[in-house]
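These notes open a run of structures that come right after.
Presented sequentially are two complexes of chain A, the first with chain B as partner and the second with chain C.
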Partner chain A sequence: MDPSEVEFLAEKETVKIIPNFSLDKIYLIGGDLGPFNPGLPVDVPVWLALNLKQRQKCRIVPPEWMDVEKLEEMRELERKEDMFTPVPSPYYMELTKLLLNHASDNIPKADDIRTLVKDIWDTRIAKLRLSADSFISQQEAHAKLDNLTLMEINTIRSFLLDSLNCMYKLRSNLQPGSSKGQAMDY
Partner chain B sequence: MDTQSYFPVQAGVGMEENFLSLDDILLSHERLPVRTECTFPRLGYLEKSSDAHDIAEGSKMELPLWLSKGLYERKRRVLSVELPKVYREGWRTVFNADPNVVDLHKMGPYYYSLGSQMLHFDSPENPDIAGTLLQTFIGRFRRTMDSSQNAYNEDTSALVERLDSLEKGLFRSGQSGLNGFQSWEKGQATQITASSLVLNYRKRKINDLQP
Partner chain C sequence: MPCERKPMRYGHSEGHTEVCFDERGRFIVTCGNDGDVRIWEGLDDDDPKFITVGEKAYSLALKNGKLVTAGSNNTVQIHTFPDGEPDGILTRFTTNATHVTFNSSGSRVAAGSSDFMVKVVEVSDSSQQKTLRGHEAPVLSVTFDPKDDFLASSSCDGSVVVWNIEEQTQVISWPLLQKTNDVTNAKSLCRLAWQPRAGKFLAVPVDTKVHLYERGSWDHVSTLSDDLLTQPINVVTWSPCGRFLAAGSVGGSLTVWDANSKLCVERCKHEKGFTVCGLAWHPSGGQIAYTDTEGCLCLLDGLSTSASDAKDYDALFDDDDDDDDRLVDEGLSGANSPVKKREDEDEDDFLMPATGRVRNRGAFLDDENSLDTGSLKLGQDKFGDDDDDDNDTGSAIVPPSAAPPVPLRPVYEGPLPTHPQKAFQSGSTPAHLTHRFMMWNSVGIVRGYNDEQDNAVDVEFHDTAVHHAMHLTNSLGHTVADLSQEAVLLACPGTDELASKLQCLHFSSWDTNKEWMVDLPSGEDVRALCLGRGWAAVATSVQMLRLFSIGGVQREVFSLPGAAVCMAAHGEQLMIVYHRATGFDGEQALGVQLLQLGRRKRQIINGEPLPLTLRSHLTWLGFTAEGTPCYVDSDGVVRMLNRSLGNTWTPVCHTRETCKSKSDHYWVVGVHENPQQLRCIPCKGSRYPPTLPRPAVAILPFKLPLCQTSTEKGQMEEQFLRSVLFHHHYGFLSSSGYEVDEDGQTRSQKEQQELLMKMFALSCKLEREFRAVELAELMTHNVVPLAIRYASRSRRMALAQRLSELALEKSNQVQEEEEQDEEEPEYSVGKVGRANPFKLAGSTKPSAPSGQPRVTNILDNMTSSRKSAPLAGSAGKANKAPVLKPLAPRPKPRSKVPVSKKTPDSTEPPADQQKQPEVPPKTGFQLWLEENRKNIVADHPDMEETDVIKDAMGRFRTLSADERLVRTTFKFHQILNLPKLSVVIFSFISIINLAFWYSKTFH
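This part shows the complex of A and B:
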């Protein structure tokens, strides 16, 4: 999977905007988007919010978790815990990048938020690598992945699956006779 | 997205080889020390060291893997294959002690694959060889993972030169995951660039000619 595809999936999340135009309720296949009145907040998907922002038709309200103190608390919690802590949003990395690139004027302390989110990401990726290493070195059969986001899984997916494949095949060398008769087809 | 004009067949790990894989074809050229168990009549001209008409029983030669595998049969006793140095007792203790120190590329770039193929030849040390292969892989995994996931936009030749070809494949997939994420984060993923296929086929002549 490409990071761009994960970003595409992330654009389905909803975010609050304050439009400066008025429009009746629109009926889309995915759901209804409520009537737009200037100055009144409304929930829309991120793809629409970014489009309206680029056409200067709205103002984006940052989501609740995108706040310096909350992110600092989350970063400290992440550093203390060995397991993965619950994330602010299942697409926090993508939303941070999208909103901070297009709407940084609507979000206070944008640079601090970017740094904090990067710190949280780095800590989680380091934990992911540690657990992948212990997975391989103890030759476990399965592992439990709580609270991991799709983006994190995506960066390590191809490497981990290839190495688990190699380990499985090297392990099946130890049992001769069970590996005869396997066919590869293309 | 990085698409290639053909999809390469990967090397088969373990006791099977993939017939179409280039890595496996190169692997089967590795030479093994071999001792003949019966005479090969009228093939003496292949053996340069002696002038005999046929290859006598018990002569030692070096045959490539593909020939040894084809000729090997336990019941008819045509050949007996000796283990290459790297898979013998002495080197096995080195690997068990610290797998990270060894330069696996120098030991034969196909350490894991050749080791798995050696298991076809029914040596009494087979379980030990298989166990050592697995433990070496596990021991070196950490270093391969760390180096592939952290080396962005650097010259990786120093990191890669001590890796076996299997580990090089893993290194490459780790790098591709890392590069994909970094290029997305920088915003390069949304920029439209000419595909490498088009550039290779040189369809862009007009653009090149225009000043």
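This part shows the complex of A and C:
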């Protein structure tokens, strides 16, 4: 899966916007949206929010977790715990990127938030690498990965699977008398 | 009179704090460990000004607009007050100063320091210093003799020393205190206090007592004590009149003594029991502000500095040792002559500060506890002096011999007048803020900025389609604003040279001149303003109301019955709230006028009192988006005008109920009736929102304060009543010629009937047949048959019988009304509601049911609905099905309604419709069968046709003779009125379907 595909999925998440136009309910395949009243918050998917924002038709209300204090707490917890801690949103990284890139003027302390989310991401990815390392070195058969987001799994999936494949091949070649190795020799 | 302890509030971060009042008593000034000096405009000031003086502030003193603080950088600094500009350093020590104080004239400052020294510095010339050396430990406290000859200081070395300032020598030294090595370790801060004015006594807190030393002789003349004081006294301070002495102690006890009688007149305990470390009397003597070591600021209000109150009130003390000798200088107490009570007005002036907030002066009257105790004590004083020793439960706080001294002057103890609330714009935040909302309404936001760089007004529209955002420089200093779809109206108060100005930015104007300005006559200030559609109204300080057209033409001017408080406009309506009279005990006496401008000018509400919650004031006034007046008071109750009940006000929401914390509020920005929404901004810990970060609007639901809303019955009643109340605007709108959202109207009416039906079913279940009939009375005449059906199905024949009588009555009533209506050419508003459900094509309205004579009424009803159609501007919709037009011309000559306009709105297939009129006249039974066939078939779906007829015969016979008669008359009627009948029958069919739906729902 491509990161852009994950991002595409993330755009389905809803976010609150404050429109500056008025429009009746709109009926889409994915569900009804609106009605849009100027000045009144309404929940819409991120793709619509960004589209409206780019056309300067709304202000985006940052999600509740996109707050310096909450993220700091989360970062501390993430650093303290050995396991993965629950994240505020299954698409936290994508949403942060999307919202901060397109609507940083609606988000207080955007820079701090960017740094904090990056910190959390880095911590988690480091953990992920570490656990992948121990997974391989201890030759475990299975691993349980709780609280991982799609984007995180995606970053490591191709590499991990390829390397496991590779190692499997190497190992099976090393074992003398293994049928597979012999078969390949022929 | 018992004093009232106001709830404490956060002042500073924890640590040592100090407090004082400014000379006029307007501000409370505190300093604390966070290095800030805060200037509070009263205890409930959520936005105090602050001056940062250093990393920590140990002590402060305030006089003549100079604020002296002892900071952590070992200096004593001056700041101007209240601006907070740094004004230089007064003196330095080798370590931090512990206490600073002014002399009575404010010309000198004394500071004691941890480096054992006391310095006396001239404020005007800091080079003139006098240093008093002699203490052998950090100085705890310093105080000036009011006559400026002496200075007293206490120190950690255990001594209290009186110095001669000029000679810089010790006059006398008393070893009174425990020795410690540092201020932080001292058991008590030992703040000394010299009696103001005469300066006769020096008060020294010594452990749990206060020693009074006489000036000159330096004799220990008396001791003030209280047995309930168990922990050392930290700080003492004299009342401004010099008669009372207040002390705050470790552990949070506050005690006030009368220095003449040596009696304790007031006792109070800190809410949380924190150590009191700062104490200050209000210059009027009516209040004591105190701070504690946890950084909280508290206030003791309603201190009566009169001797008549030498009785105790305090329910908080659980005294267990009352047999001790409680008499302090018994001899003196007899010879005590009460001091004149301070002028009441002084006190009142302070109590109602200019901030516009209402102080609940009378709130303590609610405190039953204290009242009871007080009266109890009184009783014991009078009758039970001898029992004191036997009594264990606290009567002995009052010394038996201390009979209450009689005041020389009678003291007024009745209700006190409330300060009338100031005029305001609803949807604005206080004017003293540098960044504030000048207006937040359904159109947009007007923000005012007034800081060093910029004095500007920002106008922003919620809907950018109205107009783009505007940024105006506010050179005139506008303070009030309103915003509508057409214009921005701004006004500034007048100054000495300039008159009060009204500025209108008429951005929707089609010419090039988008702005006009008007000067008000000199001496007249704008107090409140509002924008209606095509006009602007301004209420001024001389109780005048001026009406301008939106283009700037002066249209009307009239006098208001009182000072305006707030105004609101919607379309052609103008609502004015003004002061009707003086309120008492925290109440506001407001009156309201509602005017209809436009072509038919009239007054709808003629200055009736505006009901407010007890001890609250008006905070928001406006109209719902649909044009119903409503307002919000400081208690968070939203009230809406009920036009159908003689213009009464109904509370529709209590915003405070949904608040999580006591200090949270909702700042209302708009009210909508359809959908039912209360738009407001949640404010954490304040009454109004800050401009940044941009507040988000939340929506609250309405809830009428009915009884037992936790039960199903209560809930449904509430829903029904609310639906009815929020339905009234349709009638109002259509009567004033506005377009009506017919869908919404039908929906709400359907909802009401459904709720009635549910309630009916519930009462049936609960065997409340009388109640069920009452509910049926509320139903429209076409829903009653459903109720009858329900009743007969659930085998309640008596109920069904009564209901059928009711149904008959209802239909007759409707018929009569209809006839009257036809005679009157003028259109009546109330009708629309009833008529409309039939209008809407495809509506699943539970409308006209199983036959009965009322069918004719449905038709008549439709005529009325059609009458409303052109008014409601939805004729297009009504004309959707012209095919269905009845064939025969209308035989009724009485009807004045043009026939051509009539279009029966029903979903029946046209084929049936056209067939129906050709049916030859039928007998009563045939008719009845026609109507009830479905019912019968429904009840017995497996019956043959002949059986159906038989069954129907049987049923028809059971009908009362009357009904049969009706049927026969109806037959004749029908002959005359065939086209009508066809419509009736088709609507009847659709209704039967509905009836099925209902019965399914309720079984």
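Simple rule for what comes next: the second predicted complex is superposed on the first by the 168 of 186 C-alpha atoms of A that agree within 3 Å, B and C clash if a C-alpha of one lies under 4 Å from a C-alpha of the other, contacts with A are read in each partner's own complex, and residues count from 1 in each chain.
The rule is simple: a contact is a pair of C-beta atoms (placed from the backbone, for glycine too) under 8 Å apart; a residue touches a chain by one contact, two chains touch by 3 or more.
Everything quoted here is computed from the prediction, not taken from an experiment.
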Quiz item: Is A:61 touching the first partner chain B, the second partner chain C, both, or neither of them?
Solution: second
Quiz item: So, does A:172 touch the first partner chain B, the second partner chain C, both, or neither?
Solution: first
Quiz item: Now for A:2: first (chain B), second (chain C), both, or neither, which partner does it touch?
Solution: first
Quiz item: Does chain B (first) or chain C (second) touch A:108, or do both, or does neither?
Solution: second
Exercise. Could you say whether A:156 touches chain B, chain C, both of them, or neither, answering first, second, both or neither?
Key: first
Exercise. Pick out the shared contact residues on chain A: the ones touching chain B in one complex and chain C in the other.
Key: none
Quiz prompt | chain C-facing residues of chain A, complex | solution = 16, 18, 20-22, 38-41, 56-57, 59, 61, 108
Quiz item: chain A touches which residues of chain C in the complex?
Solution: 442, 444, 461-465, 679, 693-694, 696-699
Quiz item: For the complex, which residues does chain A have touching chain B?
Solution: 2-4, 7, 97, 101, 129, 132-133, 136-137, 139, 151, 154-159, 162-163, 165-167, 169-174, 176, 179-180, 182, 184, 186
Practice problem: Within their complex, state which residues of chain B touch chain A. | Solution: 1, 9, 12-16, 18, 20, 112, 116, 119, 126-127, 130-131, 133-134, 137-138, 141-142, 145-146, 148-149, 166, 169-170, 173-174, 176-178, 180-181, 183-185, 187, 189-190
